[in-house]
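Per-chain residue numbering starts at 1, and chain names A, B, C, D and E are given in the order in which the chains are listed.
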Amino acid sequence: MSTEKLLEIKNLKQHFKSGRKGVIKAVDGLNFDIYKGETFGLVGESGCGKSTTGRTIIRLYDATEGEVHFNGEDVHNVKNKEELKRFNREMQMIFQDPYASLNPRMKVEDIIAEGIDVHGLASNDQERKEIVVNLLETVGLNEDHANRYPHEFSGGQRQRLGIARALAVDPSFIIADEPISALDVSIQAQVVNLLKKLQDEKGLTYLFIAHDLSMVKYISDRIGVMYFGKMVELTDADELYKNPIHPYTKSLLSAIPLPDPNYERTRRRFNYDPADHDQSEEPEFREVRPGHWVLCTTKEMEQYQKDYPVT
Amino acid sequence: MVRYISERLVYMLITLLLIATMTFFLMKLLPGTPLSAADKLSEEQQAIVLEKYGLNDPLPVQYFNYIAGLFQGDLGLSFQFDNREVTTILLERMGPSMTLGAQSLILGTIIGMLLGLIAAIYHNGVVDYGSTLIAVIGKSIPSFVFAGILQFYLGVQWGLFPVALWEGWEYTVLPTIALAIFPIAIAARYMRTEMLEVLGSDFITTARAKGVNRFGVVFKHGLRNAMIPLVTIIGPLAVSLMTGTLVIENIFSVPGIGEQFVKSINTNDYPIIMGTTLFFSFLFILIILIIDLLYGLIDPRIRLTEGD
Amino acid sequence: GGGDEEGADEGSGNEGSESEQQEGEQGASGEQVLNLAESAEIPTMDSSMATDTIAFQWLGSTKDGLYRLDEEAQAEPGIAKDHEVSEDGTTYTFNLREDATWSNGDPVTANDFVYAWQRAVDPDQGSEYGPYMMSGVIQNAEAIAAGEMDVSELGVTAVDDYTLEVQLEQATPYFESLTAFGTFLPLNQEFVEEQGDSYAQEADTLLSNGPFKFESWDHGEGWTVVKNEDYWDAENVQLEQINVNVVKDIATGVNLYNSGEIDRTALSSEFVDEYRSSEEFQIKDEPTLFYIKMNQEDEVLSNVNARKAIQHAIDKQSMTDVILNNGSKPSTGHMPEGFVTHPETGEGFREMNGDLITSDLEKAKEHWSTAKEELGMEEVELEYLGGDTETAQKIDAYIKDQLEQLEGLTVNVTSVPFEVRLERDTNMNYQLQNSGWGPDYIDPNTFLNMWLTDGGNNHTGYSSEEYDSLINEANTDLAQEPEARWENFLEAEKLLMDDAVLAPLYQRSVAQLQKPYVNGVYVNPMGADYTYKYAYIEKE
Amino acid sequence: MENLLEVNNLHVSFDTYGGEVKAVRGVDFSVKKGETLAIVGESGSGKSVTTKALMGLIPQPPGRIKEGEILFEGKDLAKMKDKELANIRGKDIAMIFQDPMTSLNPTMKVGNQIMEGLIKHQKKSKSEAKERALELLKLVGIPNPEERIKQYPHQFSGGMRQRVVIAIALACNPKLLLADEPTTALDVTIQAQILEVMKDIQKEMDSGIVFITHDLGVVANVADRVAVMYAGKIVEIGKVDDIFYNPKHPYTWGLLGSMPSLESTEDELYAIPGSPPDLLNPPKGDAFAPRSDHAMKIDFEQEPPMFKVTEDHYAATWLLHEHAPHTEPPKSVQARMKGMASGSSEGDRK
Amino acid sequence: MENHKPSKDLFVPVDREAEEQHEIGRPSLSFWKDSMLRLRKNKAAMIGLVLLIIIAFMAIFGPYMNEYTANEQDLSQAKVPAKVEGLGWLGLDGTLSQIEEGETVEAAREDALARFSNDEENTEINVLNDGSDGSQARVEAIHDPYAAKDINNNFWFGTDGLGRDQWTRVWEGTRISLYIALLAAAIDMVIGVAYGGISAYYGGRVDNYMQRFIEIITGIPNLVVVVLMILIMDPGILSITIALVITGWIPMARIVRGQVLKLKNQEFVLASQTLGSSDGRVIRKHLVPNVTGLIIINTMFTIPSAIFFEAFLSFIGLGLPTPTASLGTLIDEGFKSLQIYPFILFWPALVLSALMIAFNVLADGLRDAFDPKMRE
């Protein structure tokens, strides 16, 4: 993992109109960077804005405010179509629902080749087919599958197809929006292993969105915890699990059941109440410890630093 | 709620105004004159008569006068019925049409819903096929054919009900039945499909898991949910029953508005055509509004004050 | 009558009954109640505004004009006891009876006529029939209608309450029968003005001075008239009540008739087959003619041979026997059978002039080939403007088929509503047109004067000096000489046929069923279709 | 203790266009009073069908119970008529469904939905039923029950709805509670709360619970015993500790191995390859064999019987046969077994 | 527990081929093939389909199956019922019958004969009940109009009031009705799909305005619009079609809009967008194929309504100009003589009803076949 920033997100905001006057602040001022070759995990409860963050980064939504720099260029300021296409090749996305993410009326070959077609990456059908077969093999499927339709595949296989589709344009950055949440436990590992393998082979960078914290911990180098459109804590994966600082993170971690009866018998859960925070000032995202960021007020920061366990 | 309704009413007014405008200009495209004895009169004489109705004014002036009249609730005077106010004529003719429309709508939807219900409960059984057949036939046989047969057998041959005319409740029986066929077919189809779908949904399983019996499941849990989509089609259905009944009105000699409308078209009675159009549109929009309110009653998820 | 539309026959005279209750009280016990059906609502009961048969029917039943038509369609006294005509035939002085009253008790006076007639031509009133019937007949009517003169200038004055003097533009031999026409009915000025806009809108906003008066009027549904006890001739009126229902569908009418709810119903050709041999079946002849108008401004139809071909090509007998099947007769000229008779001999016009145009395909084909030669055309396409009613469409389909027997002729039928056809007629925007005409008064003139060069209803481009002079002479110089006038008309009709201005089709009749116990109903050739004044019910 | 529920050789099939789907192919298990039996297994393995069969809620057609008995307090539910069953449903046996968003009637007030069963089974008057409904809502931790009882489901959040579903199930103090993935649709925090509520109630009422899930974490949390299902069969059943710390079936290994623990190192997760079998044509022999790393020839020919491991631990795999070569679970599973059994590794977590 | 004693040599590990793990057993089926399979299993729909094919075949070839043309008239052969050689037992023997009651047999006989213009020569009288038991006498008269009118050839569906061959007219009418309906449905489809698709895909303000427009249009009852359109245009096939289309496209637009709204947020559409697909591509490749099923179903429902509406227009006198035959005009004509010559109405009504039923059941079947929710 390098320290070169691939992606810089500055004060990203995404507000949706709801009804006549209501506004949903799905994402409300995010700041974080993603380094080349790392896996950045994003966790948080349902509806906290994780998907919106991912989709805004990849420009499925126009950001209400803020900047997304990819390799130093502001993605959201590109107006030129060619430029945009370039970004589309660099940045790809894997979706949550393996059933909804594949067009049921298209053959696997055409699904995977969509990127190839859009960007004209194959000069003829022969080449196109070769690329597709290659991709299928990369994700652990084979040539026979190219002529089938998505409904003939199981969830795990579908997710592989989704990955193959994303890989077709040879991206350097992939946003994986809960790629395994909808899968069977037994299949989840297949997909996670595949993602890791691809990362090793192709030097990919991931933004890995999930709510299953044990998986996130396993796959991520650094993890950001979101709560109501805001990032409340961001640090190394291990650090987060060992020394969670923000009370919401603590509560979240304490709620995860682990496949270990003994542990479960002793686990204690913490409740998180946003009202417990120091209300005297607007909280800000601060570096409480090197590389460990927390959303807090100055007062809280002092407190957190004091409480931090000495190792 | 009140705000919602008043907003809708304002919107309705604008729509009506647009419709009035459209029909007004459409009307001007109609060939022919509204004069009933145009063949007797020289062109000068015709012009004099038309003058009396303001039909020689430039179009914008006519339009302005018409709209101005509208705002005072004045739809103008009929040509074919000299000097009679369109409003009066509409009010008179509305009654029978509405009566028939409402009766057949109620009868039709109730019978149709029952048929659909039975079909859904005894899914794939003889009853199901039977009721589906009735529904298909109801949709496939023109109502006037059905009406003719009803009149001949139930009226003339067996003398069960008055053959035609409009002189009391018993006179509404045959036309109501003739009209009800279509809503029966539609309601039965919808009910069946929706009920089947509802019966397959999770909350029905929950209800059954509670120990609710079949009857309770269908009537207490299924019906209301299955009715939601039905309500949507009842709107247009109601309008077409209350306005498009002219064939039935003709056959049973019912002094209704549909028949009047076609007559007006044939005689170029612009004020009545426009008045009827506006009235129909008004009725339509009003029914849609009522249906939307009904939705709120049937489906608590729809809150009219929320969202848009 | 007037510009007639085929299909108006569909049910002009279906009848209906009143409520069960009334039937229980009166109908069943054989009382003097007549149950009728009409095919449409009464458009208006304002005699100035009336234009159609239903309005004239019920105006005629509830009102008396100066004269009314008797069984033989001759004028019989109404409000007028008698009248004198001046030497030059332009001044009529009517002596009114003094015992006639309105149903509100007011006497019927000469002023009621003056008011009514003035109102009919007053441009502010917007009457259509007023100007039509009176222009060129009553002095100054035309100018008044055009707004160029005050209504008070109309040639009608009340000499006293019971003496009415009418000044005509010129001698008008048929003026007497005109006074029986609806537009000439009197109006009670005080009442009409009091009611204002609502005059004649409801049963209680109109007055009657005739045999019957309105008891109720449910618009769209029907109406009931009852015997007017204050009628001057009430002792001759036997019917107590007439119930009328609006019944639009022929089959419905027949069903109602069969279930005993109405006493008379019209039959369409299909039903005629079923009821032809019934004792209750009857055919009502009408002096209404149907014919094809041919636009002479059209390239093809400007050719007289082409027109003659069309005149002869159609097998009219089959048409009346099979399609119409209601007693209608093929017409062979432009004067209905049994309409007018020679002033002296009493011989019928039709009989005297004979069958001018007969069906003769051979002849038609001859004319047609001549025409094609003259025109230098092999293929001819003509548009045929027809009505949109059931009967009209059938007839038109038949005529298309018949005409296409002429080699190289293609006929395209366009079916349009009556109003549209009239407009296209006025603008002469047609080639062939199925047209009809019923008389407005009893005189050959009503059929023949419209083909004058400037005839209000010509619209064929036909212009013949000879024809014009024949008709004009008949109406001016010969106005006082009935026989010579008659000759002129005979001449004129022949000329009309010879010039092939139109192709006669048929004279309409109406087939109907009428209960045998209905008696004394007169059928009139113009104005109101029926006279119920003398009708009575006679059940065993 | 006596078995509250005993299921013997249950077979359930669905007749579809494609043919007969043998969704459950011979399932045996039992549940005692106060005990929680968790059923795990991948999607489509027949967990829901099994529980629905217990309640007689298999849609018929296309489904039918082909064979087997379901003894509830000694009576065979499989042979009962729908009418009789209706008297047991909701009263003695209650069910909680997976999706709180769809398992409540959207057009009926929440209160009425809770009261419905009470009025039917306990012949309570409306006001009594309402009392009890309020009590239940309080019990499952819904604040403001007086308000809430008059509201409709859409006015509740997902977590609260699931509580309502639980309240409905608990209304008549059922002896047996069938919970079909009651928390899968919920956030972890809410899931944790719901699980706590359920456990509290079980303690109070001493009811038996059949808990379906595929989340092994949840299993570890709630279960006394665990049944692992695969392709319509139970392939391993035993005490929770047996299953987690001494699993015998390769599928169970796969399940456990594919869950990363918070401690797990960088090595690959153990992934079960392939995809589940097609129940239209279940494979001969051991259904799991095609996906098993340890498949033997016999697996493709004969179905393994249930081998007894300990008194209450059984597994259906030929690996337990005396002739079978000794096979060790994959490393990741072993590490977990060791680490966890010692119970020490979690010590430093807060 | 079973007591197996399997042989020892079975306990040898086997090598799995990696490929095997991802084998799919069933044959590949596209969505369409799958749906068609399902459709084929739906008996009612298949009957509907066969019926439709037959009717369509007859509409195309029926008029040429005998020597008559649709507009050829012969008044001397008017109003005879259907007569088919060899199908007399089906009632197609070209006779009319009438049952009359009367006080005496003679009276009844007279009444019955009167019905057929007292044409004794060609009327056969059967006494059903001679009234000797005190009840009314009943007499059946069987009239042979073919003999009476001296017609030697057979009319398979009889003739109408102008002596035109009903067989030819009915099939020609079917053709025209189908033509109008198909044309209207096709135009509805094009406009509706484009309108609904654009409205939903671009969403926001565009959608808002387009929806308001639809609301206004629907505010005017379609009868009114259709009638006005027909009056303004010259009557004819095209104007009726256009009139039908004027409001007919709205349901399609609504359905497509709803579906596209749902689809455009589906992940596969988003995926395509992240790949940089143009709007055109997304619409063509992802949206259109996924609404096709619904479009077809809706079109299948539109066609019968259009046929019906055309019949209705004819019935109120706004239909096709004479002498063009359509099912509507034929039924309208036949209806007038329903009580006397029911056979004139019978054939077109039968074909119309069959057509309606066929379309309706087929459309139902297609809906079941396409709708994944109905998959069992």
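Operating definition for what follows: a residue touches a chain if its C-beta (ideal position, glycine included) is under 8 Å from a C-beta of that chain, and two chains touch if they have at least 3 such contacts.
The shown structure was predicted, so the numbers you read here are calculated from the model rather than taken from an experiment.
Following the contact convention of this document, B is the list of chains adjacent to both chain C and chain E.
Just count the C-beta contacts per chain pair and the biggest one is B-C.
In this view the innermost chain, defined by its CA centroid being closest to the centroid of all protein CA atoms, is B. Measuring from the averaged C-alpha position of chain A to that of chain D gives a distance of 31 Å. Chain centres here are Cα means. That of chain B falls 53 Å from that of chain D.
Taking each chain's centre as the average of its CA atoms, chain C and chain D sit 91 Å apart.
Across the assembly, chain D contributes residues 273, 275 that each touch 2 or more other chains.
Annotation for chain C: residues 251, 388, 416-417 touch two or more other chains.
Within chain E, the positions touching two or more other chains are listed as 22, 26, 231, 317, 338-339.
Of all the residues in chain D, the ones that touch chain B in their complex are 52, 55, 57, 59, 61, 82-83, 86-91, 94-95, 97, 99, 102-108, 116-117, 120-121, 152, 154, 165, 168-169, 171. Residues 215-216, 218-221, 223-224, 227-228, 231-232, 304, 308, 311-312, 315-317, 331, 335, 338-339, 345, 349, 352-353, 356-357, 360-361, 373 of chain E touch chain B in their complex. Residues of chain E touching chain D in their complex: 1-4, 6, 8-14, 16, 18, 20-22, 25-26, 37-38, 41, 376. Residues 42-43, 158, 187-189, 191-192, 195-196, 214-221, 223, 240-241, 244-245, 251, 254-262, 264, 268-273, 275-276, 336, 340-341, 343, 346, 350 of chain D are the ones touching chain A in the complex. Across the interface of their complex, chain E is touched by residues 250-251, 254, 268-271, 273-274, 276-278, 315, 318-319, 321-323, 386, 388-390, 393-394, 396-398, 400-401, 413-417 of chain C.
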